[in-house]
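Scrolling down, you'll hit the structures one after another.
Next come two complexes built around chain A: one with chain B, the other with chain C.
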Partner chain A sequence: MIEVKDLSIEIKDQHITKHIDFTIRRGKITSLIGESGSGKSMTVSALLGLLPIDAKVSGYVMYEGRNILDASVQEMASLRRQDIFTIFQDASNSFNPSVKLGHQLYTFSGERVGDTLDVFNEKMHVILDQLGLAWEVVEQYPFQLSGGMLQRCMIACAFYVEPALLIADEPTSALDMVLQKEFIQLLIRLNEERGTTILLITHDLDIVAEAAHEMAVMQQGTIVEMGTVETVFSNPRDAYTKRLLESRF
Partner chain B sequence: MISKWVGKRMVMGIVVLFIVSFLSFFIMQAAPGDPATAFYGGNAQTLTAAEKERITRAYALDRPVAEQYLAWLGETVKGNLGTSSKEGRPVSEIIMERLPNTLLLFSVTMFFIVIGSIWLGTVAGMRAGSIWDKGLSTFSIATSSIPAFWLGILFIYFFAVTLGVLPSSGSSDVDGNGGVVDKVRHLIMPASVLIVTHVGIYARFLQESIKIENSQYYVKVARANGVTERSIRKGIVRNASIPYLNYIAITIPSFFGGSIIVESLFAWAGIGQLTVKAVATKDFPLLMGSIMVTGVLVVVTLFIVDLIMYAIDPKLRKGGVR
Partner chain C sequence: MKSRKTLWFWCCLLGLIVFLTVFSSLLAPFSPNKMNMEEVYSAPSSEHWLGTDHLGRDVLSRLLEGGKVTLAVASSSVILSLVIGVVYGGISGYFGGVIDTVMMRLLEALITIPSLIIILVFQAIIQGGMWGMALLIGLTGWLVTARIVRSEFIRLKEEEFVKMANMFGTPVWKILWGHLLRNSIPAIFVVTLFNFAGAIFMEVSLSFLGIGIPPAIPSWGNMLYYAQNDILIGAWWIALFPGIMIFLTILAINFIGEAWKNPERRRVND
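And then the complex of A and B:
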């Protein structure tokens, strides 16, 4: 679905990623794993066309046969609106603090797919119910809800939009263990029930083991290993991957 | 919830007015010379002993200062601001004649300052690094550095003396029958001076608030998820307007201070000019009355600004932490 080839990102003469290659296959959960500062989030920014203005980028991000690194700002905005949904790490700050959640959920989902408010209310009511959230959250402001509830609101939008690609950038790192498990189960459900392709960015191997089909290991701006989760876990070839796996047990 | 909030703000407003009354009264007392003589104003030499005795009794000038203050405050609360020692008319009557002009000048200038600064601040703030961004920074420093009286003199020289298109002073023609057009012609220069000297700095503040808001996490999330720039901009401006309104609230008292200079320069018949006149003639009842009314105007304006902030910021209503 997405093929990243020879992607290099440089900001202020500092190499963030160096000639990285990996593939996100349609209908699969692909995990990009690596320590903090390894370049995972900047890679996501490159996929979204949201790199800082001073970033120098080269290589290819092929999506539907086209290198989206060459797309204009407007084209990327349109692509994000039509095909991609992204869940970020800090759910508590992911919503505008001054606007009620109902309006923001509509902006993130119903309005995006062209639904009227009535249709949105009906569909979102069902989704929130399925995710264990009371409909009353739509009348609340973000600062009135916990991080876990807000992260579920985000995934509710993903359920609503059914994007071609869901990018989850460290979505569980601000959640406690119980909420982490719940959230990962929701991602798996989204993938299994709706066939959504997911790119899961994390530094947690347990999450990779539980959720992902394929994984790419990143270290200091390079991809050091890639394969199915089973292959990499059972037969790691790179020294860094081996160390990561050893530290897990 | 809102009644409790309004009640709290009203109590704060009353405390502010109490402090204003206290300071204005005791600054008068600290003025050089005999306070009683000061109360006679410019008429001290011509007053008879009987007239001096009447004024002394009326303002309790022969009693301790604290009693004089309480007597004056009690009358002020009842709406009796005393009698002008210069004009011999009730202070409230003189102030009511001037109040409409001050309100007109204030409301017109604030309207254009707010509209202009929101437009300039938004355009510049949303285009970081652009010519708008850098241009507004330069414009705001330049315009806020120009003293209002100097700009006013330039305006008078250019528009009244050289071009002769606008009246140099006053708030209406001598006969007072010029109607709305005449009022507007007299208003243009004093209002323009206040607008030019304030719009840049207000816009600059909003510009910086917008830049900060534009870098917030929720904006990044919204952009990543294809929310339209129009919706994002609306959210940014709304949130950036909260510190902007705070800034307006902080600067309102100094804005009134600036308008006193402008009213005097253009002989605009408002409270500001009246205050300067009262100082010049040592008309203390009129001066204290003018200061109190200016204090009320400031407190009422701050209350309106607070109400707008209350409507915009849900954290004020819901008790969250900003």
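And then the complex of A and C:
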């Protein structure tokens, strides 16, 4: 679905990523794993067209047959609005602290797909129910809820929008172990029930083992290994991947 | 819990002062400018609660009416400085870069000139009345507000929820209004309160120097100005009561402002 070819990003003469290639297959959960500073987040910014102004980028990011690195600002904006949904690390910072959640959930979901408030209320009610959230959260402010609940609210929006691609950038690193597991289950559900393609960025191999179908290992701006989770786990070829896997057990 | 009660107390006191002055025309027992030459300098009594001045005018009535003038000048000037400050600081903070640098250097240059001096000069030149003075105080009082708004905007625009809104293609005005300004309100509120106290003080100072509110209109500062001579002949009540009112009003505003400055009351952590 998305094919990244020969992507290099350079900021102030510093190579952030060097000639990386990977593919995100439709309907699969692909995981991008690597230590902090390996260029994961910048790669995602490149996919979203949100790189800093002084960044130089070359290569191809093919999406539905065209290179979105060449897309205009408007095209990119509409792509981000309609096709891609992003979940960030810390949901408590992803919501405006002084606006009630109901309104924000609507802007994040219903408004984006062009639903009226009534349609939104009906659909969201069902989704929140399924995710084990009380409808009362819409009357609350973000600081009244826990990080786990807010992250679930975010994924509720993803359930609502049913984006072509969901990008989750370290979605669980602000959550404790139990909530992490719960959240990963929700991601898997979203993938299985709605067939949503998910790009999961993480530094946690356990999460990859649990959720992902395919994985790409990133180290210092290059992809050192790419394949299905089973093959990489059972038969790692790269030294760095081996080290990663060893440190896990 | 204790601080909540104190805050409550000061809010009530300020509310009472505002109420008394706003409805001064109904509450005042006499017309504020009605002279009575037979009752010049009469001490506080059951008829004139706070006594009369050198023209036999009732001090209580003038105090209430004068409060209205003082607070009207202060509020209108604060609203003016709030608008200028928010717009200036907002532009500077949101766009950043060269615009920010230029605007902030200009602001720093302006901030080095004491506003009292600027107002004194202009007031002496244009001989402004009540509204002229409000305009001058407003035009010189926005500098701190602008700084606060700028720093809040700079802090907030790096927050994830603003980036997220940007990513979804939210229109700029919506981000400015709903995300940045809305979350700056606690800080703006506090600085505006202190500005308000400052504006009252400015009106009082200028009127006390005799270049503020024209003599025909009573104001707290005016009353103090004319009471200077009266004190010499022992009519202490003419100066004392406006003094107490000014003291209490500014004190109340400052205490309310201090309580709000307390970060526990804020939603967004600094």
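Everything that follows uses one rule, which is that the second predicted complex is superposed on the first by the 249 of 249 C-alpha atoms of A that agree within 3 Å, B and C clash if a C-alpha of one lies under 4 Å from a C-alpha of the other, contacts with A are read in each partner's own complex, and residues count from 1 in each chain.
One rule holds for everything that comes next: contacts are C-beta pairs under 8 Å (C-beta built on N, C-alpha and C of every residue); 3 or more make two chains touch, one makes a residue touch a chain.
Predicted, not measured: the structure shown is a model, and the values here were computed from it.
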{"item": "Clash or fit, chain B versus chain C on superposed chain A", "value": "clash"}
{"item": "Which of chain B and chain C A:F108 touches, first, second, both or neither", "value": "both"}
{"item": "Touching partner for A:Y240 - first (chain B), second (chain C), both, neither", "value": "neither"}
{"item": "Partner chain in contact with A:S98 - chain B first, chain C second, else both or neither", "value": "both"}
{"item": "Which partner reaches more residues of chain A (counting touched residues only), chain B or chain C", "value": "B"}
{"item": "Touched partner set for A:F22, first chain B, second chain C, both or neither", "value": "neither"}
{"item": "Touching both chain B and chain C, residues of chain A", "value": "48, 50, 77-78, 80-81, 86, 88, 90, 93-99, 107-108, 112, 141, 143"}
{"item": "Residue numbers on chain B that touch chain A, as the complex places them", "value": "129, 216-218, 220-227, 229, 231, 235, 238-239, 242, 312-315, 318, 320-322"}
{"item": "Of all residues in chain A, those that touch chain B in their complex", "value": "48, 50, 53, 77-78, 80-82, 84-86, 88, 90, 93-100, 107-108, 112, 141, 143-144, 157"}
{"item": "Interface residues, chain C side, partner chain A - complex", "value": "159-161, 164-165, 167-170, 178-179, 182-183, 185, 267-268"}
{"item": "Touch list for chain A against partner chain C, complex", "value": "48, 50, 77-78, 80-81, 86, 88-90, 93-99, 107-108, 112, 141, 143"}
